[in-house]
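For reference, the structure I am asking about is given below.
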Amino acid sequence: MKSISLSDAATIVGGVLSGPIKEMPDHLITGVNTLSDASADEASFLSNKRYKGELDSTAAAAVLLSSDQDAPENLGVILVKDPYLAFAKLQRFFHPRAKATGQRHASAVIDATSQLAADVDVGPNAVIGAGVSIGAGTIIAAGCVVGDNTEIGSACTLNANSVVAHNCILGNKVILQPGAIIGADGFGYAWAGDQFLKIPQVGRVILGDDVEIGANATVDRGAIGDTVIERGVKLDNMVQIAHNVHVGAYTVMASQVGISGSTKVGKGCQFGGQSGSAGHLEIGDGCKLAGQSGVIGDLEAGGVYAGTPAIPHRLWLKASALMIKLPKIWKAQQK
Amino acid sequence: MKSISLSDAATIVGGVLSGPIKEMPDHLITGVNTLSDASADEASFLSNKRYKGELDSTAAAAVLLSSDQDAPENLGVILVKDPYLAFAKLQRFFHPRAKATGQRHASAVIDATSQLAADVDVGPNAVIGAGVSIGAGTIIAAGCVVGDNTEIGSACTLNANSVVAHNCILGNKVILQPGAIIGADGFGYAWAGDQFLKIPQVGRVILGDDVEIGANATVDRGAIGDTVIERGVKLDNMVQIAHNVHVGAYTVMASQVGISGSTKVGKGCQFGGQSGSAGHLEIGDGCKLAGQSGVIGDLEAGGVYAGTPAIPHRLWLKASALMIKLPKIWKAQQK
Amino acid sequence: MKSISLSDAATIVGGVLSGPIKEMPDHLITGVNTLSDASADEASFLSNKRYKGELDSTAAAAVLLSSDQDAPENLGVILVKDPYLAFAKLQRFFHPRAKATGQRHASAVIDATSQLAADVDVGPNAVIGAGVSIGAGTIIAAGCVVGDNTEIGSACTLNANSVVAHNCILGNKVILQPGAIIGADGFGYAWAGDQFLKIPQVGRVILGDDVEIGANATVDRGAIGDTVIERGVKLDNMVQIAHNVHVGAYTVMASQVGISGSTKVGKGCQFGGQSGSAGHLEIGDGCKLAGQSGVIGDLEAGGVYAGTPAIPHRLWLKASALMIKLPKIWKAQQK
C-alpha cells in the first residue's frame, strides 16, 4: 500500500498544514476517503457544504479545507484554495493510471500491417485492424475492436468492449469507457419515393487530446466532413454525438445528452443530463444547459438555459413555478 | 415439448378450475399464449381489461381469470387472485432458466487465479480476469468481460457482450442483459485552471440478489465509496446509474432513466421511461415518477410525481391541460 | 480512386448538365464534397438553403441543384429534381457497400450446425450459435454474437460488437451499427407479494428488409408474441424498442427515442430525438413527433405533435411562447 507523509501531501496539493497536524508533518497517510468513512491514516476533504457537519466527527488524519471554512480546533487541516482540486491531486497520487507494458494477449487479433508502439497493451480477444497505428503507453482492453486505418495517440485507454471504427483519429490520453462506440455511421438517408437510400457516411471522427467518452456513448462519423471533439471534452455515459457535430474544447456533457447533426457546440459549455439540441445550430462558448432542456435555436455565448424550448434559466424558474398556478389563473379569469 | 394437465397448472398458480374444464382436469396444455393467439392446447390470461373483448373468441383451453371478471359460460377458466402473477408462474414452468453445466468454451480466456464453481458456463470469447470468483450455476455468455477481483454470486446470468469491471460485487441470481456495463468510471473531474483533472474512481458497484440490469444500461462505480443497487431492483435498457447512487430494494426503472451522482433512491419506487434525477438528492420510498419527469429536489416517500421540475402528478395533469389554454388566457388579459 | 465523367454522373442522378459544364461532359470527377470543401475534381450539392451563399465561392466541378434555385452564371450545374437524393445516388456510386467474399477469421467461433452462404464474411472473435442461418453476401464483423436458431437474410451487415440473441429473424439488407442489441429480454415482471418474478420473454424480434438499427440501440424480444420492425425502418443510435412493439414500414426515429411495450407505431412516422411513447398505444401512420415530446395517448394519423403530453405542434408552439409570459399574466391578475 502506497503511503505519504502529511507534509508531502501538502506539497502535492499546494497546501499548508494547519491545526494539530502542524506538529506531525511526518505522519503517514495511505489514502483519501469521505469525511464519514475516513480512518486515522487517511485524508479527507470538504468541497460540498452539505457535508460540513461531518467535520466534527470525522476520524481523518487531515482534511483538505479552504481557508474560508471554519474548522473544529482539534481538526487536522491542510489549507488549500480549492479542496475538490486538491482531493483530485491526492487521489491521483494514490491511484495513478495503470502503466502499459507491451503485453499482447495470445487471443488478441492484431493485423500484421498495424503499427503499435512497443509498450502498447492489447487485451484478450481485442481486434486491431489493418493499417492501424497506436502510440506509446496506450492500453487496449479485452474485447475492443479498432477498425482499419484508425490512428490512436499515446497514453490512451480503451476500456473493455469499446469500438473505434475505421479511419478515425484519437489524440493522446483519450479514454473510452466500456462499450463506447466511436465512428458508427451517421444517420443519413434520402427518400427515393418508395424507399430510403442510405447515404454512405465517409467522414471521420476526430477526438482531441484528453477527451473522455463515457460507457455506451456514441460519436458518429461525419457524412462527408468530420465529426470533431476538441481537446479536454468530457462526455458521460450514453451521450450521443451525431454526424458532423463540432464540440469545443473542455465542454462537458452529463449522461444521456444528445446533439443532432452538424450542430456546433462552443468551448467550455456544460450540458445537464438528458438535455439535447436540434441540428444545424450554434451554441456559443460557455453556455450552460439544465438537465432535460431542449435547444431548438442558436444560443448566445455564456448564457444559462433550461426547458424545452430552452429559455434563460431564471425565466424558466419563474415560469415553471407559475405552471402550478395555472388552475388558479384559469379559474380567476372564468369569473 | 413440455406439457402439464389443467389441474396441475391450477396447482402451480394457486387457482381453481371453473367452467367446462372442471370436467377435464387431465387435459394437457403445452404453453401460454395471448387470448388472440392461444390454441386449444394452450392456456391464456386476462390482466389488462383492454383485451377483455377477446374472451369471447379465444381458442385457449383455459384462461387465467380473476373472480371479479365475468366470463363467457363456455369458457374454460382457472380462477386466480392475480392473473398476471399466475401467468408469470405458468410461463416460468414452461420456460425455466437454462441450467449451467460447466461448459467452458475453448476460446474463452479464464485467468488461472480465478475461482469458478464447477458448473459455471463460460461462452465463446468471454474473458474472466485475475482473482475473479463465480458461484455455482452462473452462466457467462459469449463476449462478456469480467474484470479482476470481481465477485459474482451463484445462478447469475451475464448475457452476450456485457461487462463487469474490476472489484465489483454481484449477488446471487443477478441478470445482466446484453451490453450492460457494470463498474465503468463515474464522471468526476476537477478543473485545474487550464484543464480537467480526472478523479480516479476507486469505489465499487455492489448489486444485490435478484437484480436485473437491462441491455446497454450502465451502472458506474463509486468515486470513493460504492454505488449500491439493493436486492430485487430491476433496471430496463439504457438506464444510467451514476457514481455513488444508492437504489433501494425492489425499485423499478423503465428504459432510459438517468440518476445523477450520490442520489439516494428509496425502496419500491417506480420510474417511468426517460425520467431523471439531479444529484445529491433523496427520493423517498415508494415514489412514482411519470415518464420524462425531472427531479430537482428531495421527494417525500409515497408521492406520485410528473413534469420537470417534478411536481405532484395530479397537479401536473391539471396544469398540463391548461397549458393549451394559455393563448386564451393571454388574449383575455389583453382586453 | 474511382472516377466518373460529368455526363455519366448526370445519368446516375437523372439530371441534366447546365452552365459551362455542358461543353465538358467528359470531365472526370472523383467524389462528392460539401460546397466549401469540394475541389475542382469533385461534385457538390445544395439541399439546405442555409448554405446557398457558398454557391458563389465553391470550387466544385459541378453542383447538384434543383431548377428553382438561382445559380451563378459561371457555375457548373447538374439540374436535378431532388439534390439531396441526387447526392445520395452519387455518393453511393463512389462508396458502394463492401462486398462479402466468404472470409471466416480463424478466431471466429461458428457452430457446426449453422448454415452460412458461401460468401458470408465472419470477422475476428465473432460468435455464431447453433442452428443459425445466414444468407448470401452478409458481413458479420468482429466481436458480434449471433444467438442460436436466429435467421439472418442476405446482404446484411452486422457491425462490430453488435448482438442478435436467439430465435430472431432479420430480413435482407439489414444493417446493425456497432453495439446494437437485438432480442434482449423485454422488461416484464409480476409482483409476488415479496419479490418480483421475472416473466420469461419467449417471443422473437423480426426485422424487415432494409431496416437499419443505430449504435447501442436496443430492440427487445416479445414477451409472448413478437416485436416487429417492418421494412425500411431506420432507428438511430440508442433508440429503445420495448417488447411487442410494432413499428410500421419506413418509420424513422432519431437518437434516444424510447417506445414502451406493445405500442403500435404506424408507417412513415418521424420521431425527433429523445421523444418517447407510453405503452399499449396506437400512433397513426405518418405522425411526426418533435424532439423530447412524450406520447401518453393514441395519436391520429398524419398529425404533427410536440411537448409532454404531446399536443398538436402549432398549439405547442403558441403555448410554449406564452410560458415565458406567465409571470406577467400572474402579476396582472394579482392587481
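Labels for the chains are A, B and C, by order of writing; each one numbers its residues from 1.
The rule is short, and it goes like this: a contact is a pair of C-beta atoms (placed from the backbone, for glycine too) under 8 Å apart; a residue touches a chain by one contact, two chains touch by 3 or more.
For clarity, every value in this text was computed on a predicted model and none was experimentally measured.
Participant: Specify the angle of rotation obtained when superposing subunit A on subunit C by their C-alpha atoms, rounded to a multiple of 5 degrees.
Facilitator: Resulting rotation angle: about 120 degrees.
Participant: For subunit B versus subunit C, which are copies of one sequence, does the interface use mostly the same residue numbers on each side, meaning over half shared, or is it different?
Facilitator: Mostly different residues form this interface, as fewer than half of the numbers used are common to both chains.
Participant: Take the average of all CA coordinates in subunit B, do the same for subunit C, and state the distance between these two points in whole angstrom.
Facilitator: 27
Participant: If you look at subunit C, which of its residues touch at least two other chains?
Facilitator: 107, 125, 143, 161, 179, 216, 238, 256, 274, 292, 307, 323, 326, 329, 333
Participant: Under the stated contact criterion, what part of subunit C meets subunit A in this complex?
Facilitator: 32-34, 37, 48, 50, 82, 84-85, 87-89, 91-92, 94-95, 105, 107, 123-125, 141-143, 159-161, 175, 177-179, 210, 212, 214-216, 232, 234, 236-238, 250, 252, 254-256, 272-274, 291-292, 307, 320, 323-324, 326-327, 329-330, 333
Participant: Taking the touch rule as given, give the residues of subunit C at its contact with subunit B in the complex, in rising order.
Facilitator: Within the complex, subunit C contacts subunit B at residues 107, 109, 125, 127, 143, 145, 147, 161, 163, 165, 179, 181, 184-185, 187, 189-192, 195-200, 202, 216, 218, 220, 224-225, 238, 240, 242, 256, 258, 260, 274, 276, 278, 280, 292, 294, 296, 307-309, 311, 315, 318-319, 322-323, 325-326, 329, 332-333.
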